[in-house]
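See structure below.
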Amino acid sequence: MDSKRLLSIFGVLLLIVFSFAIAPFLGNPYWSSVLIMIVINILLTSSLRTIFILDEVSLGQVGFTLIGAYVSALVVMELGLSFWAGLILGGVASAFIAMAVGYPFMKLKGIYFSILTLMTTEILRLIAYSWKPVTGGQYGLTGIPSPNPLTLPGIGEINFSSMNNYYYLALTIVLVCLFIMYIIEKSHLSRKWIAIKDADNLALSVGINVMKYKVLNFTIACFFAGLAGGLFAHYQGLLSAGATGRFGVMTTLNLVIYMVIGGKSKFSGPIIGTIAIMLLMEFARPLDNLRPMLVGAVAIIFVLLLPEGIAGLPVRLKSIGKKYVSGVLR
Amino acid sequence: MLFQVKNLVVRYEGAEILKGISLEMEEGEIITLIGNNGAGKTTALRAISGLKSPHSGEILFRGQRIDNLLPQDIVKRGISQVPEGRALFPHMSVSENIRISGFLRNDKQGIKEDLDRIYDSFPVLKERSAQRASTLSGGEQQMLAIAMALMARPTLLLLDEPSTGLSPKMVTEIGRVIYNIHKSGTSVLLVEQNANLALSLAQRGYAIETGKIVLSGFAGELKKSEHVKRAYLGQ
Amino acid sequence: MKLLQVQGMNKRFGGLKAVSDLHFDVDKGEIFGLIGPNGAGKSTTLNMIDGSLSMTGGKIFFKGHDISGLSPYKRAGLGIARVFQRDVLFDSFTVLENVLTGLHLNSNLGIKDALMPFSPGTRKKEQDLENKAMELLDFVRLSDRPGMMAVNLPHGDQRSLGLAIAMATNPDLYLLDEPLTGMNAEETSFMMETINKLRDNMGVTIVVVEHNMKAVIGLCDRAAVLDYGVKIAEGTPSEVTADERVIEAYLGTEQDVVSS
Amino acid sequence: METSLSFVLQAIANGLAMGGLYILVALGLTLILSIMGILQLAHGEIYMIGAYLVYYLTSSLGISLYIAILISMGAMGLIGLVLERGIFRPCKGDFLSVITVAIALTLILRSYAVAQFGLFERTVPKLASGSLVFFGVAVPKDRFVAMLIAAAMSVALYLFLKMTRYGQAMFACAQNPEGARLRGINPDLISPMAMMIGCALAAAGGAIAGSIWMLTPTMGTLPLVKGLIIIVIGGMGSLSGAIVAGIFLGLMDGIIPVFFGPVVTSIAPLVIVVLILLVKPQGLFGHG
């Protein structure tokens, strides 16, 4: 193992420790809730990038989050299943629906795929908004329980109704998900996705079942989007599907911004981008209503000047540095 | 000298498609550039028309460099191309296609006259003037493409494989059209894979292979050349 | 033995008949040419054999089985490999990774390997694939630069890589679409040598689409000539090139356009 | 009986007025999409800002409504020019970049509107007051004026595109950009024109909507979604398709709520679009 790799593993571990250690120091539930939303959104944005490996921009991730959120909440509330079962079932339901619609959906490309997913997410939201007997309609679902306390040997009972503890829970789950996604990214599966993106006709001609792998991609991405929904439901305790709410069009569009600012071609991109922009939104509180404007401006600057995003900065800086050094030496 | 290409090098994604070709023509000449698929013929025409900027080399028209100009400025100076695959506006009518090709001209009267003249020389286009361009047959589309290029009143007409995909009868027909255009005083640079057609029309010719000019001379000489016979005429 | 049988193949695009009632058979171990001028329907035919284009009518048999309705990846699985006309490669990958992707059918990487890409078992499987890929690169003389990005290869080498990707599927039938187009003399002779070597050493069957008559004469055992989607001649290269109709279709009519 | 007739007639009038607005938005969207290849997700925000500009001109400067609409159209046209040059053209057609920039623009314009005008609903003067009476049923006049304006602008756009050199050049660029270059048409000149026209039409739509209903900073989302629906149904790049689909959609939006709930009204067109995308992505009126 070369030293560079060792260094980056060490860096990642350090970041993980830091993200666990940070919560108690912040100390108040407000910051815990910010951190919770950050980790949930990291998972969502990463699922967006999973689809982007195929060079398709899904504007429908939030729709699948919604499925995960409602299913996860309902199985816990109505069937009395545990949080863990709810979380998994939410993800599975979302993945199942993605798989069911995957074949016709993944046949479309480019603008068509983006519009299709955008419309689908609106349809899902409107169904949730109006299906009163199940989703509570416009009043939504309330009283979604927090996860049951967990007893860990050596630590004792952990109560997740505290924001801080829920943050630890969400962080752990998201880290596990990210680890799985990273593994997939390094596996032959993602190599096939890239091959399909590069030349689907050539991929077919070497025997790759292109549609199967594309649908698999969509299914995996939507599974994680569904999990994010479950995490959200049990954190928030209530769900509603109003147009300007959590499941509205703007949320899905914001994810695209997180991904691009973070760096669309790197695994770390969506993670970095989500953290950076959501923290920016927090620290820019004094700007109040103008905060989205700031984010928009940052996004435009990145697209036009740093298309590889924050994750691409080291390479960019290196090349600038090299130019500078060679300029100085010359 | 009407037109001159000096040591033209064109690259696509790192690959050198044209490796320094040179050619020249006098006013009123009709010359041809023959070569197989992928030899670089289309690339040469794209560079001349300003669609692809060359890596190095010069293109001169009436002694002035045009290799750094935009396509519309090149059209303005009098070089008009009939591109490969005809490049029509498929959902516009035949007459709209012809009219819009005079985009850079401001003389309404002249445009109308040219339109009439084109309809005279291509009666089939007049017949189909209200039809969408996409509904024309291959030969008719080629006629339309030539008519469109003529609307710019070119001094030099560039033709990219006008015979592609046409029946032998239609090829003969197109050949006659090109001949008449040249007769009426327009200089023509004809790029062809069909060496037989090209060398019967042109006065002089160049043969291009993998981005290099390998042979040039009068059409009659080229026709007799062993190399051309083997490589292009299949004999 | 007939490896490939094309029976009554038809293709219509709107009103245009791109291929009409085409019949031909290819024997095992043959190099068969499909030739004709630009726009004659050669590539369309090839697309229907590999399944990327559906037929309007007709049947295709491969090793005696009707494959007419199968999708391209299934035909690849049965042993049909396509080498594309233009430089269609996996542009994000290195030379080696391109061939590794071509080895898809020969790999037994499953979902378990996707979830444990660093496990010794998976590593071993991937190492084996890499060795196989290197052998193939050796065959097309690219083993000296496996780490180079495929897009940065010179034109001729990109075609060789395309061939290596096809070889990786271990096919019985190769469909080569204009393999010599745009190549210089040296690259052409290397490609012709490689194609011959492929057939002689591995006993595979090859269908070549070419418009360049000279190349076909040197390469094929038999050839069919297409003009406007209709087969106008079939036979050995010398038979075909001597055919009146071929000469007319291919070279244009001899009448001088200027004097007529 | 009488009340239901009155409901239906009013619903049709409402639907046609809405259809007109949707058409104005959709024509711009489809023009921008077909000529520049840009999915302008911020088009609804241009519509919204255009409406607020009319509000500002009428309420603060006391300019009369129709003049204000014209000024707003001109101003948004100029903004379109700046946007095309400044942020869309540098994206060089990269799909994700274009989408990102458009989303960023949405954030910027919406947040500007909130900061400047607040979240309260605002109103601008009515296009016309009073009602017209049909079969004994009164239908507000402003609906008719809205329809007329939308129809007049659609016809004007159609004539411009069909009859003028630059209009034809736009079609040419949309169908075959490289062919257009070869005929001396510079797409870099035509693209900003498409953007300007699109933005001006959106501003007109916004202003009319504002005068019939209310102004809010989020008023652009609905027409954007409707515009996308229209260009999918009508076929991307087809103007006549957009007009037919716009009228159809407007009528659906007007009439369905009379018989069904608001949710069916919202979902029905979305479902239709998803089905069209899955079955015939080139749209019902699209080419080929």
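By written order: A, B, C and D. Residues from 1 in each chain.
By our rule, a contact is a pair of C-beta atoms (placed from the backbone, for glycine too) under 8 Å apart; a residue touches a chain by one contact, two chains touch by 3 or more.
Note that the structure is a prediction, hence the values are computed from the model and not measured.
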{"item": "Two chains joined by the most C-beta pairs in contact, as defined above", "value": "A-D"}
{"item": "Farthest-lying chain, centroid of Cα atoms versus that of subunit C", "value": "D"}
{"item": "Centre-of-Cα separation between subunit D and subunit B, whole angstrom", "value": "43"}
{"item": "Inter-chain centre distance, subunit B versus subunit C - centres from mean C-alpha coordinates, in Å", "value": "32"}
{"item": "Distance between chain centroids, defined by C-alpha means - subunit A, subunit B (Å)", "value": "54"}
{"item": "Contacts with 2+ other chains: residues of subunit C", "value": "none"}
{"item": "Contacts with two or more other chains, residues of subunit B listed in rising order", "value": "none"}
{"item": "Those chain pairs that satisfy the touch definition", "value": "A-C, A-D, B-C, B-D"}
{"item": "Complex contact set, residues of subunit C against subunit B", "value": "37-39, 151-152, 154-155, 178, 181-184, 211-214, 228, 241, 248-258, 260"}
{"item": "Contact set on subunit A toward subunit C in their complex", "value": "180, 183-184, 186-189, 191-192, 194-195, 197-199, 201-210"}
{"item": "Complex contact set, residues of subunit B against subunit D", "value": "49-51, 70-72, 75-76, 80-81, 83, 87-92, 96, 99-101, 103-104, 134, 148-149, 151-152"}
{"item": "Touching residues (chain side subunit B, partner subunit C) in the complex", "value": "13-15, 36-39, 161, 163-168, 171-172, 175-176, 179, 193-194, 196-197, 200-201, 209-210, 230-231, 233-234"}
{"item": "Complex contacts: residues of subunit D adjacent to subunit A", "value": "33, 39, 41, 87, 90-91, 94-97, 99-101, 103-108, 110-112, 114-115, 218, 221, 225, 228-229, 232, 236, 261, 263, 266-267, 270-271, 273-274, 277-278, 281"}
